[in-house]
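Both complexes below contain chain A, partnered by chain B and then by chain C.
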Partner chain A sequence: MGRRIINRRPGKGGALFWGALPFLAVLVLYVTFSALRLAENPNDKLLPAFSTIADTVHRLAFVPDSRSGQVLLWADTASSLTRLGLGLLVSTVIGLVLGIGTGLIPYVRAGLSPFIAVLSLIPPMAVLPILFIVFGLDELSKVVLIVIGIAPFLVRDMAMRVEAIPSELVIKAQTLGANTWQIVTRLVLPSVWPKLMDSLRLSLGPAWLFLISAEAIAAQDGLGYRIFLVRRYLAMDVILPYVVWITLLAFCMDWALRYANRRLCPWLERGAS
Partner chain B sequence: MRSSLKRVLGLTLGVAGMVAATCSPALSAEKKDFKVAWSIYAGWMPWGYAADSGLMKKWADKYGISVEIVQINDYVESINQYTAGAFDGCVMTNMDALTIPAAGGVDSTSLISGDFSNGNDGIVLKKGKTVADLKGQKINLVELSVSHYLLARALDTVKLKEKDVSVVNTSDADIVSVFTSSADSTAVVTWNPQLAEVSAVKGATKVFDSSKIPGEIIDLMVVNSATLKDNPKLGKALVGVWYEMMAKMEAGDQGMLEAMAKASGTDLAGYKAQLVTTKMFYKPADAVTFTTSAQLPKTMDMVRSFSFEHGLLGEGAKTKDAVGIAFPGGKTIGDAKNVKLRFDAEFMKLAADGKL
Partner chain C sequence: MSRVTVDNLWMEYGDQVVLERVNLDIPSGEFCALVGPSGCGKTTFLRLLLSMEAPTRGTIRVDGEKLSPEPGPDRGVVFQRYSAYPHLTVEENVILGLEFARAPLWGKLWGKAKRQAQDEVAAVIHAVGLDHAKSKYPAELSGGMQQRLSIAQALVRKPRILLMDEPFGALDPGTKAQMHDLVRDLWRAEKMTVFMVTHDIKEGFGLGTRVLAFDKVRVDPDEPQAYGATITLNLPLEDKAERAQVVQL
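Moving on, here comes the complex of A and B:
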């Protein structure tokens, strides 16, 4: 009897190979289908050849658009990231303030906790028409959609993290003479800040989802706007690179948050090791 | 380790091959079963009726084939599906026929010129009474659609350019709520039934509509050219059923009109109101005259110029001639070696001559 499969581990090179395999498989599938369809119809738009995609990317990323004079990819990226950044920033502030409030102060908890619990269950996409009516069609409603989408989650998560701080620590801080504000700044914030960063990382996916949905409905620029615009004439040579670009941006944001968390809150890992 | 790697690789390639084999585009040849897609629009409602009333089956049986008529909820999605090869035919406007299947290399034939928009598409303003008042306004519309084309044509009439306005891409599902309830939205371009609702907003003025550019926004039944060439029976069955329905509609068949009104989510009065702004070609002879007229190539030239200027002919198109368009009688515009959109009048002529 050989070693059980649960005890067999790939080596360093092996791990790299197994990690790359799904990517390679997708790539091989794409190239195969693309070649098949292009052999049948050289103008096929569904699965364009990599050379076509490269031409399109060159036009989108380096050549100013003939109509607007802007370089589309960067203009779209800038407006999308501005909306996303604002949405995340506002959500983080709300999450921090209300989370610590409801987690630490019983009166605030009694007043707000049920309300936030209900609020967090409203599917944000369902209130989108209301948002457009109340906040107009411009930037505000797109940012608000992101905030409504992720802030309740952040608030609830923060409140739970605050409640999970060992009560011994809170009592100790009080016996050392700390007032409430000092407890917040010296005990609660350092304990929950890194957790907030982690929750924010988990919220990135939904935040992108809400951003792109809002841009699909009414917009003049943005990454989601472009995808839904060219979808009209099946320009997969634009859509595919945009999807890859959005994925890359999301990945970089996730990595940056994780890195910043490690750098800014070294006490997190010191305890663990 | 070695052998397991090989096995995995072999398996991956095997699966890839299998998927590739099943997903590769269907080769055209003589066949018996066809699928045609349609979506809700005043001038296309008869297709739904053809399927429900059994008329389609009657005509398909006559030619020994079967034709499945499938309703797709999203108009653009139906054209994309057709372009990808999932359907043998699909209803669409002349502009979308050029920019989606034809520009995508799918050789397509317009089998039936069903109607043209004669007021079904329009521009509505909250502030201002004329097209010239559009200057500097933010306009909600579905970008790159016939609405966008209508806007460009309207701006032409007062010597304005698209640069003089700013367009906001807005989904057609939300355009009514946006215009009626948001103060940000002061101008929209849309089609019916949304057009009727935005025109009814208090203080709003319809400053331009498609009746001012008659015959430029045409609603067609488009089929795959290769499929039609190998299977003229499909063309005969579709044209046959269409003009039987047109005759019924012109005669004011109550049952048919009511069924179509219900299917389009309105009542008989509402549907009739939509038909007023839709110039239906009830008689095949009228459709033949329209399709063979010298005006159609001129219209298509304007449409392709607009499409090219907005990048709708695709990355490879260096001039507006990139995609060739053929008209009855052998006239073509654009690249004669790359004709991808063909206007046909032969099948409609058969109907006009009573030979179906």
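Moving on, here comes the complex of A and C:
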């Protein structure tokens, strides 16, 4: 008797094969259509051959730009990651401080939580012009856009996680003589830390979105700036590797956060029964 | 010394009366077992003793002084669930009470002070039989071991009153019997006043030196929330030898 399809599972090698299949399919499709288009028109720019892309990547990643003297890929990566990192850092700090405040302290909750609820409904892209006007066109406005985009989510998520701590644990801490600050350092922070890492992982997508949008609109460098700059020359040989590179960076950041979670919170892994 | 006196205590939520006319005078060291059907205010009474809530009317006094309006180290507690901190090992869970007292800023001890605290709690951890599990996390412990950890944790601050809300409700009979011996020994050694909610009447009579039964004496069938429960039986078990040894009458 054949089992139901919901009960059939791929083995280890099978999982690898099925996981790799969509990637391979996309690659094959690309190579095929690229070859077809180039056979018809050798100057086609839409689906450049891998050899063209490799030449471009070599130029971008290893040869200094003739005009600025910088190696473009690394310069763009450095400025984008600086903006992203600053934005994430500031958002995390705001998320932790305000989230724990609103989640734990009734007076802070009464004062701030309606305000944050309204703030989080403002579409960040809609206030981008205001940010450019107020903070100027350079770094600050881009960092602020990321913060406005993800901090309200982090604050509300952290507040919910703090409220979800069983009240028994908070009461017990008080019967052990803890003051409010000690409850924050010994109970609340360790309890919400893993959740913070998870929320940050979820925020990476929006953070990149806001970063690239801001760079596309006004910047002198950055990964998003480069993509939108070469768009006018239909330079797919630049855009495609940049997109792959951004995806790789995002993947590595996601992995690093997950790894940090496992290392810093050993109790999550042990005795997960 | 911790004589608990309750004077005409009422607890109401809106127009629902949960407890009414509760009067008690419990001598120091008494082991009170709170029994009665579910929904009869036993746990509410415990929450009031813990200052998790304030009574609508009446007062609770310990040695003649009004109960502090928030939980504090004078009253230890053991809950049925969520008893220990999941992110701390057994030893860290037990030391926590000392750390709160000695490290006001961060609530964490380091180096020599930490080693000294570890030596101090070794006796408590041994008393509850968890020496071999010191570095385990609560999720790695069985239900009985988790409750033993919770008791050790509560005892570190040497509370005068120990409150337990169905502490052994989720344990199997064999483990339960072990826990009874453990709690009886600790109570004798520390001479605390104990309030233990249980729905197991046999446990109540076996462990307690006084049984307090909660029930509703007045019921209005049209308006069941109009009357609350009160203490219908306040029975000191005077023939228990250990009562004379521990309780300060």
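Here is the rule we use: the second predicted complex is superposed on the first by the 270 of 273 C-alpha atoms of A that agree within 3 Å, B and C clash if a C-alpha of one lies under 4 Å from a C-alpha of the other, contacts with A are read in each partner's own complex, and residues count from 1 in each chain.
Quick note on the criterion: a residue touches a chain if its C-beta (ideal position, glycine included) is under 8 Å from a C-beta of that chain, and two chains touch if they have at least 3 such contacts.
The structure presented is a predicted model; accordingly, all values stated were derived computationally and were not measured.
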A:21 in the overlay: touching chain B, chain C, both, or neither? Say first, second, both or neither. first
Using the superposition on chain A described above, determine whether A:265 touches chain B (first), chain C (second), both, or neither. second
Where does A:190 make contact in the superposed view: on chain B (first), on chain C (second), on both, or on neither? second
Which partner does A:166 reach: the first (chain B), the second (chain C), both, or neither? second
Which partner does A:174 contact after superposing on A: first (chain B), second (chain C), both, neither? second
A:81 in the overlay: touching chain B, chain C, both, or neither? Say first, second, both or neither. neither
With both complexes overlaid on chain A, does A:137 touch chain B (first), chain C (second), both or neither? first
In the superposed model, does chain B or chain C contact more residues of chain A? B
Per the touch rule above, chain A residues touching chain B in the complex are 14, 17, 21, 25, 28-29, 32-33, 36-37, 40-46, 52, 55-56, 59, 67, 129, 132-133, 136-138, 216-220, 225, 228-229, 231-235, 237
Sort out for me which residues of chain A touch chain C in the complex. 166, 168-169, 171-179, 181-182, 185-187, 190-191, 265-267, 270-273
Partner chain A, residues of chain C touching it in the complex: 50, 52, 70-73, 75-77, 79, 81-83, 85-88, 96-97, 99-101, 103-108, 136-141, 153-154, 156-157, 159
Mind pulling up the chain B residues that touch chain A in the complex? 1, 5, 8, 12-13, 16-17, 19-20, 23-25, 27, 76, 80, 83-84, 99-100, 103-106, 140, 142-145, 162-163, 166-171, 174, 177-178, 181-185, 310, 312, 314-316, 340
